[in-house]
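First up is the structure itself, then whatever we jot down about it.
In order of appearance the chains are A, B and C, and numbering begins at 1 in each one.
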Amino acid sequence: MTPVIHVEHLSHRYGKRYIYKDLNFSITPGKIYGLLGKNGVGKTTLIKILMGFLRPVSGRCTVFGEDSHALTPAARARIGLLFEGHLAYEFMSIRQIEKFYAPFYPSWDERIYYRMVKKLGLSPGHLIRQMSCGQRSQVVLGLLMAQQPELLLLDDYSIGLDAGYRRLFLDEMRDYLAQGNRTVFLTSHVIQDMENFVDEAIFLERGGNLMTTSLAQFKTDFSCFRLPVSANGSTSGMNREQMLSACPMLKNIEIHKDHWDLFTFTPVRELENALKNTDIPGNLLETIPLSLEDAFIGYTGRY
Amino acid sequence: MIQAIFRKEFFKIRGPGLLVIAAHICILLYLYVATRRLFMLDHPEVVWYRVLHLGQIHFGLLKNIPLLSGILIACFQFLPEMWGERFRLSLHLPVPPGFVALTHLLVGLTVYCAMALADLFGLGLITGLFFPWQGIKISLLTALPWTMAGAGAYLGMALALLEPNFRLKAVNLLIGAGITGLYLQTVDPGAYEPCLALLSVPLGLMMLAVLLPVFRFRCRRVG
Amino acid sequence: MNPKAQAVYYVLVILVSAVYLPMLYDKIFMDEVEKTHLFYSPVSQDFILMEKIVGKVPDPAKGFALDHHSNQAYMKADGTYVPRKTFERHLPFIYYKNMEIRGLLPITLNGQTFDKITIKAQRRVLELKAKDLAEKSPHVPFYPLLESNPGQARLVFPEDRFRMTDSDMEFINADENAVDPVFTKMYTYTLKKKGFKFPARSVNGKFSVLKPFDEGVFIVDRDYHVFHVKRVNDKPEIKKTPISPELRIRAIQVSENSQKKFYGLALEGNGGISLMSYDNYRLIPLPLNNFDPDRMDLKLIFNPLYCTAVYSDGTVIRAVLLDDSFSPVKRYEHTMSRATATPATRFRNLLFPFALALGPTPDSRYVKARLVPGTIWSLSGMGICALLFAGGAKIFTGQWPRGMRTATVALTGLYGLVAMVIATISD
């Protein structure tokens, strides 16, 4: 199946600092992809590159088979793009902005737009700049939906939205996806919203390390084991980096006053053995149940 | 689609644009009062001598008004687009970026030209009340390069505002100032007449040159 | 589209640089030197001049600079420098006020004695500047016809002005800002009766009340006949002059003077210049060699003994001493110091391959756009710029620049260098 988005050996830097080096992934049609990562890993940069607002230092990105920095108008007509912060022309009213976008998109359906904004209970003459962030997000999403794009790119849709509007947003998304053969590629900070929503999660780390998995799989495979500090007396001289080096299966370690939390995709037995090799009593490891958010923070680190 | 962009731009600049129009009307009214006063203070034939023979400009106030208007229209039009980089919204529309940029410029220049023509018409009308058609002609020939300076200022500001790189913004401001300065030399009234057609060439070039910062804004790299 | 937009942008950068960089250079390094003043001295019976020396000031000139700036020099035709006071003593008809203060008046020259009153009464200067010609100046073709018999000492502007239409001499009343049909009809009728053929080619006069009396205007008709039109007691007084239409009179510089010898200077179609006398408008040709009215300014200086015609372009100043019958007696030609090439001029030539100038010129009040080419030195400057650009790009970016860019710098020198440096930054 031809990928909707294909990223090949992508590198980009700001000044001398590389955001990615040799980033590779593909997105197939009909699925929801969540690009997850901490602030500053380059999620928005990636969206900008995909939409041609940035040209990468090297590598190639294609969207619908076209180079992302030279997307034809026809390709752009198939893409609904939500800019970070629900960017909109705020000097326009609900009606005016619909009238502005409509002529550009052949499949434009104003009924979808008005159905969505109707929920806000605002008059069509209401100005966008006089709306709350949540209300604005509904208008912007309405514009994207009315466009009926094949690919939706949502850059940090959750920013500034309270739980109610986030839920509303996701509900609308589900309705949109129900029409079939639609692809969504989104970035978000709110990991719990992604649960039961995204088909595939792309974890992006600083430096461009990338892991693609389903969230269910991630939750199942990723574990946290707690090591009490009192039992760790013999390794009191060992710091975090030395521990990570001694136990390469560890993804992350969070150091607390009286315990260390060790995060890994590896079964507990393998970890115990590795710890024993460093003279740490691995049998004292306690399995800690993780929510998706805990697992995400454990995977990406807290800072 | 052009209509849609025109409509969007209209919504954006109608408020501040109305203020500018009101200011222009006030200035024209003042010009009428000032010209009338010239004739109240002196014999008409002496005023004619001073204005038509010695080259006194009775509408000197208008020299920098088009310049200011051009700058203001560009700011009203492009600052909201640059605020939060909202121009990306228009540049993501399924039309070529050159089309988007030129349509935006067309809107700005249409608004500017409407104001400038109203100024010239007002000037012609006021001058015509007190002077023969030779006076109207020389007044319009004097004010026309100032009007072109306003168009240059508009395009220069667009060039600077749309450029994403700060160093190049400064360069573009210099280019805009340089081109604008060509039309604002202190010379005899009507002295620009033989080269007005030639002086429209830099304005045409500027209009095309504005596409470069737009492409740079769109892709951040041009090559 | 991108390469086109880029190309246009860099053309714009080159254009702005080519206008402003030379202008800036001139403001900083170049001295604006006015033209040399050249006279004929009735004392030394030779030409004498005053000019600002550009470049190195000769030692003899420095020696006489005690009372003035050392680069302001006073030089006789034989090349010797004199102090300012000596210079003034050589020109008693010009500096007669200073001469009087110094007790040197009356003065006896050629056996005649001249006091202040005589000098003042017989001095006269007629001037014709290239940029004042009608087609070189944005004047409004709308003229006053002063009352030649005002019945008082002071001249006043009439309440109307006239313009020449295709069929009428049309008067507009200033109080009404409307055509005055009576005057229009009266003057048009009289003109036609005298054989005037519309439309008029030029209207010539001194349109000022700051003159001793009014001589009306001289209007050249379609067939190059010259008509002398006056307003006397509000009635037209029109004469068809005997000036031959074959001369195709282009302009008449009228200057009323109480001596009432000459109406002024008449410029002919072939560039010849004549004095128009009160003797039935007789034209007295002036024997000026190499005079080009479109490039040169002419000054005709009358004093109690001589008449000197002095004319100059931007580089060379020439003078002819004329006798009573306006035949040439003596000629002099001098290359003005302002034309001297200085190190700043040479460096300017090296720096700028050409310059774009926009504005009035010494011979036109109209704004003109001009391409001022460089000299042979500019070629070296263009080469240096291209080398600097290629070398600089290699050093700072590690790569040789694109051939097109180097070629742009090579062809447009410093301006291209500015444009291509901007291009490199924007990359």
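Throughout what follows, a contact is a pair of C-beta atoms (placed from the backbone, for glycine too) under 8 Å apart; a residue touches a chain by one contact, two chains touch by 3 or more.
Given the structure is predicted, the values throughout are model-derived calculations rather than measurements.
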If each chain is a dot and touching chains are joined, what shape do you get: line, ring, star, complete or other?
-> line
Name the two chains that are joined by the greatest number of C-beta pairs in contact.
-> B-C
Find me the chain with the mean Cα position closest to the mean of all the protein Cα atoms on display.
-> B
Specify the chain most distant from subunit C by Cα centroid.
-> A
Rounded to the nearest Å, the gap separating the Cα centres of subunit A and subunit B is 47
Compute the distance, rounded to whole Å, between the mean C-alpha positions of subunit A and subunit C.
-> 76
Between subunit B and subunit C, what is the gap in Å from one C-alpha centre to the other?
-> 34
Would you pick out the residues of subunit B that each touch at least 2 other chains?
-> 96, 221
Listed in rising order, the residues of subunit B that touch subunit C in the complex are 43-49, 52-53, 96, 98, 129-132, 134-135, 137-138, 141, 165, 167-168, 171, 174-175, 178-179, 181-182, 185, 187-195, 198-199, 202, 205-206, 208-209, 211-212, 215-216, 221-223
Subunit B partner contacts - residues on subunit C that touch it in the complex = 1-2, 4-6, 8-9, 11-13, 15-16, 19-20, 137-142, 144, 157-161, 163, 172, 174-175, 177, 207, 358-360, 365-369, 422, 425-427
Residues of subunit A defined as touching subunit B within the complex | 51-55, 69, 73-74, 76-77, 79, 81, 83, 85, 87-89, 91-92, 96, 99-105
Going by the contact rule at the top, pick out the subunit B residues touching subunit A in the complex.
-> 1, 3-4, 7-8, 11-12, 80, 84-86, 88-89, 91-96, 218-221
